[in-house]
């Protein structure tokens, strides 16, 4: 209950940001866009699988927006660009997914990496088509016939990405609670049993994979629209690893880890630069190490542990200490 | 060689039919021309020394392994090359020697997953915890005396209870044929008979036939309609427990060991 | 394609393959023994290069003979490998051997990020060159075209020496036997008195030094820029994965495959040059997920 209320409060707070912190609009919009990609990674981690190649869907979304915008002239329509990005990443996710879901763990991770680097090489080399390493510009699109100036568009994009990020997190949360989502989690613990209750682990994983691909695609289109450009770097392995990094940082046990992790990551990246110029990688690397060594359940995990301890303490003062200790040992 | 059960007028239907099953692992012959019929309504016990190929046979019947030769038919339908998920959906459920549970899920969630698959509950927006079969699953857990653990993480259960949950999951699939690999091993000896008693009664009531691998001859004597004796990849004898278990050959090669 | 072009392409490919092999073999060796995929391997490569250039150019500036740039390569490699590698293993890796693979990889990724940053802080973003070793060895003539002896002879010979040296080390020395034992079965090795900790430490240092060596000997052939570590790690990973993680001789084969494939592409279809390693990796992994020479998985029930 408290969780639900605080979520609604958060949503309202974020919706009101443009009123009191206009300068952070772009920063937050980027956070929302990236959080969708991280959500995709967290989804696959429920099945115990890590992809080090989801940048390929991130790039697919961005380049789709770029190509379609150019094809339609004048930047195209925002809604159409987003829908098209969903379409292309769904198709690519299905195609690649059909191959990769036959593998697990490190092979799964490696194959995804390989595919994403193939895409990177293509985007980088065929510059007549893709703009090469300079990338493709994404012009400001219209929406349902309405044009926007810079400031208006930033505001529009802010709300669009906010809605997408929150809706994405909510839908993934529902999906994970559904039988198919629970079956996805079952892959992590016992694929044999999954087969022996009549399910194809590959098909279950494929569904999860395609959903994660679409999430990354939307995120990539979003970031591309915010930055006004799609570059091959979107599918470089460091980008894919960044998503995994953020997922662990935020906490992979809960969908809230996506937005939380992305926010903290981007905040450190952007604002650490202000204080310790050009050392944000050093700081982030250090933070990641600290999280993995000290709090592997991530930021959300830490909050959950604190909440559990509080609940246990409230329950029965007498054996509160004991139950809190038991909880923390789990 | 299969020794039809002693029955009254109507000959019982053949549910599962294995013919000429052969398989080899490296140099070891695990199945050397197995012929076996499983009849509707019976509880068939499979006994034999370790390494005789009993579990391998179950693996082949459920599609986990592909035999080098031979065929398996279920309800007269060829299932030899089919994967476990297809065979499970056709009506054969399995309980394992080492219980196969979703260890991070609760006991009830394990059951609900099985039920959801059976009932094809694929709505992405409806939670697993709320499916209609919930009460039914709790009742099944009560049957195997594990209902008190329903919200416990399956991986944290003691061995005996994990085995029972494993069987309950198989039952949740409402199979026609239940294959069990040493159903009461790991269960406390004091409870063995009680568990088996309840299980066999429940199977009879639901009209589920069963095949179970067993090492405890008391279990076999009491609960099996027929016994098949495995030895180095072959079925040596098959017939009612009274006959088979008193056969000196069988006593020597299997029970005496 | 004429025979001349073919010979050139092969020579190119072999030189390139030698470089990639040096880095990939360390990566695959570490994975084979410790079970950890070390992303910081790319940083060892880059830092080996930067260190070699700094030492080499420093010596030249101080008036020493330019031939000293050769030992500088090896000194740099050992410095980076032993010091950085040793520190990383002792301070960090030892704590994560029991953790999930994802977390292990991310730890090495974090180290990679930090080392990249440090590299940029120390050496900046401007390109560095050290052509002395290249020039000193002079040229050889191949089909009427002059090629550097460094690339046509030195690099492949060095790679061959490393391959044979590593083989000999693993098969015919005590330390090597211990490493093989721990790789095969850690608990059994411990049971007969082998210090697994020390084995891991030694293995990691050897692997890191090889990466740094790869960087050091690559330095004279290219200009050092930020990002060279990131590029090399993913390339050497492609080689290691294609061969099968842990396969040392296999890494040589995969490196040759990828090196030759790439250089042939340069002459036949240049846009595909960068693609080749990853397409090869995809093709191999789809058919054989454990790599060309890797072992396959075991049955469960």
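Per-chain residue numbering starts at 1, and chain names A, B and C are given in the order in which the chains are listed.
Simple rule for what comes next: a residue touches a chain if its C-beta (ideal position, glycine included) is under 8 Å from a C-beta of that chain, and two chains touch if they have at least 3 such contacts.
Because the structure is predicted, anything quoted here is derived from the model rather than measured.
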By label order, what chains touch subunit B and subunit C together?
A
Which chain's centre, taken as the mean of its Cα atoms, is farthest from the centre of subunit A?
B
Quick check: more C-beta contact pairs at A-C or at A-B?
A-C
Mean-CA-position distance for subunit C and subunit B (Å):
53
Taking each chain's centre as its mean C-alpha position, how far apart are subunit A and subunit C in Å?
32
Distance between chain centroids, defined by C-alpha means - subunit A, subunit B (Å):
44
Where in subunit A do residues touch two or more of the other chains?
192
Quick check: what residues of subunit C touch more than one other chain, meaning two or more?
301
Indicate the residues of subunit B shared as contacts by at least two other chains.
100
Within their complex, subunit C touches subunit A through residues 37, 39, 92, 95-96, 99, 101-103, 105-107, 109-114, 116-118, 120-121, 230, 234, 237-238, 241, 245, 271-275, 277-279, 281-282, 285-286, 289-290, 300-301
Interfacial residue positions of subunit A with respect to subunit C in the complex:
45, 50, 99, 102-103, 105-107, 110-111, 113-115, 117-118, 120-122, 124-126, 192, 236-238, 241, 244-245, 248, 278-282, 284-286, 288-289, 292-293, 296
Subunit A residues within the subunit B interface of the complex:
174-175, 177-183, 185-186, 188-190, 192-200
Subunit B residues touching subunit A in their complex are 62, 83-85, 88-89, 93-94, 100-105, 109, 112-114, 116-118, 121-129, 131, 155, 169, 173
